[in-house]
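A short write-up of the structure that comes next.
Here the chain labels run A, B, C and D in written order, and each chain numbers its own residues starting at 1.
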Amino acid sequence: MASKRRVGILTGGGDCPGLNAAIRATAKTVIPMGYEVIGIRNGWQGLIDDENEILDSVSTSGIIDRGGTILGTSRLSPLRVENGPQRVFDGFRKLGLEALVVLGGEGTLSVTSRLFNSMGLPVIGIPKTIDNDVEETDYAIGFQTAVQIATEALDRLRSTAESHHRVMVLEVMGHHTGWIATYAGMANGADAILIPEIPLDNGRVEELCQMLRDRDKKGKRFSIVVVAEGTELAGKPVLRHGFDITQGENICRIEGLGGIGIVIGEIIEKKTGLETRVSSLGYIQRGGTPVAGDRILATALGVRAAELIQEKKYGEMTALQGSRITSVPLEKIVDGIKTVPLDVYKVAEIFFG
Amino acid sequence: MASKRRVGILTGGGDCPGLNAAIRATAKTVIPMGYEVIGIRNGWQGLIDDENEILDSVSTSGIIDRGGTILGTSRLSPLRVENGPQRVFDGFRKLGLEALVVLGGEGTLSVTSRLFNSMGLPVIGIPKTIDNDVEETDYAIGFQTAVQIATEALDRLRSTAESHHRVMVLEVMGHHTGWIATYAGMANGADAILIPEIPLDNGRVEELCQMLRDRDKKGKRFSIVVVAEGTELAGKPVLRHGFDITQGENICRIEGLGGIGIVIGEIIEKKTGLETRVSSLGYIQRGGTPVAGDRILATALGVRAAELIQEKKYGEMTALQGSRITSVPLEKIVDGIKTVPLDVYKVAEIFFG
Amino acid sequence: MASKRRVGILTGGGDCPGLNAAIRATAKTVIPMGYEVIGIRNGWQGLIDDENEILDSVSTSGIIDRGGTILGTSRLSPLRVENGPQRVFDGFRKLGLEALVVLGGEGTLSVTSRLFNSMGLPVIGIPKTIDNDVEETDYAIGFQTAVQIATEALDRLRSTAESHHRVMVLEVMGHHTGWIATYAGMANGADAILIPEIPLDNGRVEELCQMLRDRDKKGKRFSIVVVAEGTELAGKPVLRHGFDITQGENICRIEGLGGIGIVIGEIIEKKTGLETRVSSLGYIQRGGTPVAGDRILATALGVRAAELIQEKKYGEMTALQGSRITSVPLEKIVDGIKTVPLDVYKVAEIFFG
Amino acid sequence: MASKRRVGILTGGGDCPGLNAAIRATAKTVIPMGYEVIGIRNGWQGLIDDENEILDSVSTSGIIDRGGTILGTSRLSPLRVENGPQRVFDGFRKLGLEALVVLGGEGTLSVTSRLFNSMGLPVIGIPKTIDNDVEETDYAIGFQTAVQIATEALDRLRSTAESHHRVMVLEVMGHHTGWIATYAGMANGADAILIPEIPLDNGRVEELCQMLRDRDKKGKRFSIVVVAEGTELAGKPVLRHGFDITQGENICRIEGLGGIGIVIGEIIEKKTGLETRVSSLGYIQRGGTPVAGDRILATALGVRAAELIQEKKYGEMTALQGSRITSVPLEKIVDGIKTVPLDVYKVAEIFFG
């Protein structure tokens, strides 16, 4: 008697809100198609180490509103493990999988594409990253929640800024792009938004400080500045890990507490004489209950992934393009970074100062 | 000396979150272009009655996160007032306006289109309605916030449903369409979603009850049902205003407390024997702080309206199409209703039962 | 070999946020004392029907922030079941329990007291009810969350009230007392609060309407009115179940959609001519994630219950008195109702009008 | 003709949620008593510089839910200004004030007490501080909101901790005491809470690390650690301002990004080998909309302040003691710090590990 056809699912890279909604959607769509669903634990690691569990309609119920991933995740790349791709392939075969759904950001999905091209691993990718920098999809899972959390934080900072006549700087996530900074800054009505896409040279720093001085003179005695963590200063990255700013030396391995945010806060205070405070949103912006928008996107992308499995259309990434849920070949997103379009940033910029 | 060029703004129809963000965006974009901005109070009423105020950069600051509309609104249509269109035109001229920005739903914008066509009133429309039924734009201002509020309410009902092994019915807004019901239901993972677009005849009611019985038998001892207020039963509207259900008579003018929700709850309880409770979200879903998505949309649409004014491109409605902010002739949306596409509903339907 | 000593826990009556936090606290405190914890399913029903499960440190982890009760609940009273008390006692003995922790409101805890007095059942009560009407404790579990939800709803209604120049009426829970109405009304700055403790006779209705008219004349063109569901009109209860208002007849069994709220809204609109809208918060106010205050209270009361078990001090209810966590004999709360003190209401009243 | 009797209000020290609710309550209670209310801008500064505004029923409406303070605040102490007390007194007389209501934390209220004792300034104090360390009152305004924000942040961190099998450290405010850490940690079910009241010597650090290792061994592959910013390590304060940890040198003036949090995170990761991440909540925990509990407390304390003015009972601080709103002589709180009681901490401690 033939055993059931099997689909595997794994989540790789950093976690984010909406992963569980996508896992649920894929599982609940393929199960009635006759598949058994295997959840691979801790990203690629679980495929190599044979750590997994069956996902049925019970274990995927009641998780649509849960942050993180019930599967666990890791940043391990099989490309950096000895004989990694083969071990992944062996793990895949050992489980008797017909297809593998991979939820990941640009890094994880690039690996996925390579495994498809080199080994013919039958994969489907689903884009997730609060940074929103995966190409070919308007939004990745997790982004909308991160924007909402950052916007609420900025709203809170505004009341303190007003009461104390201060400049408040908030550093948000965004290694290579300023999506969260731009969207949350626009939603809050921030007075300045600094992102990696727009070089922060001395001229621009001076403009920023002049604008803050002008606001103060006009009697607008507070300002909100949002900065993406990956924003470089005068073309140089600011260490994000504890760091001795004066030495440019990384003295501590714990990350998440602001790098460019501190530096820019320091500069503002020195140059303008305006009292300045810095906060860094850190891991708070990537956890917890996803907003409705992320749950709906994750559900739609998960259902599309299930359809691709049924169609045996492998090597694709599900995507949101305009108002359409579609898919694109995974190789189109490899090693690319989707930056914030200048015309979107320009809309936010209208309200600066 | 020439006086300043002037732009008027008004909000008509029901209020919703994000109106202030759009007012702010339009005003803050046109002021630097050299315009003075006049806020018309209480919709068309304020143009007829000459009630208005100057909106400067101070009065439009700090309002991006405020629900409702600082201008006030009313449901008065100039088409139903004696000599209404002419009086609107006179009010417009008296204020020396060059253009008028109208924030409204399908009703208000249809009136706006007619005033443009019949009298040449130089208007720009911006779509807003939590119902999301304005054609030619993917989202109208207010919809995303309503979906988030409804989703959070459904999340809350779920814990009670589980604890008491009940069917919980939530009635949400949606006069002619089921946008909020479909999106919030999908985000919550609801077990059934009833919307005006899908006729609720006896067969479908029976299917619904059978599904609820099946869930109970499978040990899933609770269910969540979302119903849009405009859903008709067996082709007949259910009175939404106090009402004597048995007589079909409207015995009370106060609205907002559930019509079809109560009826469908009654039917479920009678037919299945499952304990059922009904809630109606009412006005809570249309007020308060807008979510980030609505603030960003409102900002982008407001900026686009400002650009149309500068281009003297009147008779247009700003719109979101895919990921583009654009505009369409107002007449394209007159008397139309944008219903929930069947393929979107089908995605939600996968998770029923 | 002696088997482990066992403690049972059950939740009775309506569910509310914070029950799981209390279950967790009691279990995690008694387990290290050497007890095994048995969760009784669905209130007293589970003791009669022998439905239960072992609660260990795994099954009570990760539930502190979950609404409802993982045990399920029911409104069944053993006093209304044939031979109920004996069957409860038999169930208790069959499980080999040493003590039983009962989470309930005034009704469930009164039953608990009677079982203690009549049969010597070794019980500990923990007070929970969003209505907050259990005597001898300042707060019952669930109340603080309900107040927060109702306050947020009122905040949302305020923006619509302002935009439309309306009177907004919100009906909140409170069968016999006006705790939620008073606290949420005070937190929102409501213009009138109607509660069962203050008779709503014709004179008071007239005063209310006059105040609303006065506000309108002063240019305060909106008002917020909060009413507790149990508020009687002219000494008569208003049917809360669908109802034909004109006939005073209960035409429908589905509850939760506003009774006195609709009636008072009708009266206001008729007497003042001010546009009035009514919402009923319904089941939304009793579900979902508990606020920090409820989790802390539930934790402290659960720990105290564990200590009482260790001390074999049965027949007690844990309680918050001032800033002290203590306990009182259960019989002190039997059939009593803790009403809102007049001096608390008077503080809210200062801000009316 | 006699001019109106006048009352002044000022807010000093750091801002927090609920200040506006207290300003509103005091003003709206004394205005009907026949007083005119003068809002002093920016704390004591405004009394010295004669910056103020009339607060009437319009300017104090609609602010109950607003974070920060409409009056502005500053940390200036008149005791550190040349001839400060006399200048305050002159400012007070120039405005023709009969009494002055001061909202402040321990620092501001100690100054207030001294001005009362030395110069007979007729003052009433109202306690506010998210740190909750003012003596003689159970809660100060702002604390409950800070606890709720910190709890929600911990809830969000938990999902990431679980997904990545990490230790997550959150640093919260609390210069001298661990109130926020203890309450939010208890509400979240944190695995360890580090506060200034409990010395963090090497032995305790070792215990903490052992517990984290034990959890990992038991398969609980994540942990949440909350630490109050003022917690000292081995009896030495950790610099909270940018800092070069290795040199113990303060290399940067911008504060708010974690000190002890980073250090303890480093130590945990080194000693246990468990992946550890640190976040610092910073200014986000002190701004924005107050929770219902803070609005109610602020309202009750503001009303009590008004009553004290009417009774001419000066030199008092309003206070919450148990469930009573009362007042105590200001001198009772001078230079004191209310620490977290050991028995409260012990309740939280039960759930560690």
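Here, a contact is a pair of C-beta atoms (placed from the backbone, for glycine too) under 8 Å apart; a residue touches a chain by one contact, two chains touch by 3 or more.
Keep in mind it's a predicted model, so treat the numbers as computed, not measured.
Steps from subunit A to subunit C, minimised over paths through touching chains, total 2.
Touching subunit A and subunit D together: no chain.
Distance from the centre of subunit C peaks at A, each centre being the average of the chain's Cα atoms. Chain pairs B-C and C-D differ in how many C-beta pairs they share in contact, with the greater number at B-C. Separating the centre of subunit B from that of subunit D, both taken as means of CA atoms, is a distance of 41 Å. The centroid of the Cα atoms in subunit C and the matching centroid in subunit D are 31 Å apart.
Shared interface positions of subunit C, i.e. residues touching 2 or more other chains, are given as 155. Touching pairs of chains, sorted by label, consist of A-B, A-D, B-C, C-D.
Those residues of subunit C whose C-beta lies close enough to touch subunit D in the complex are 24-25, 28-29, 61-62, 64-65, 138, 144, 147-148, 150-151, 155, 183-184, 186-189, 220, 289, 291-293, 295-296, 299-300, 303, 321-324, 347, 350-351. Listing the residues of subunit D that touch subunit A in their complex gives 11, 14-15, 17, 19, 42, 66-69, 72-74, 149, 152-153, 155-160, 162-165, 168, 242, 244-246, 251-258, 261-262, 265-266, 269, 276-284, 286-288.
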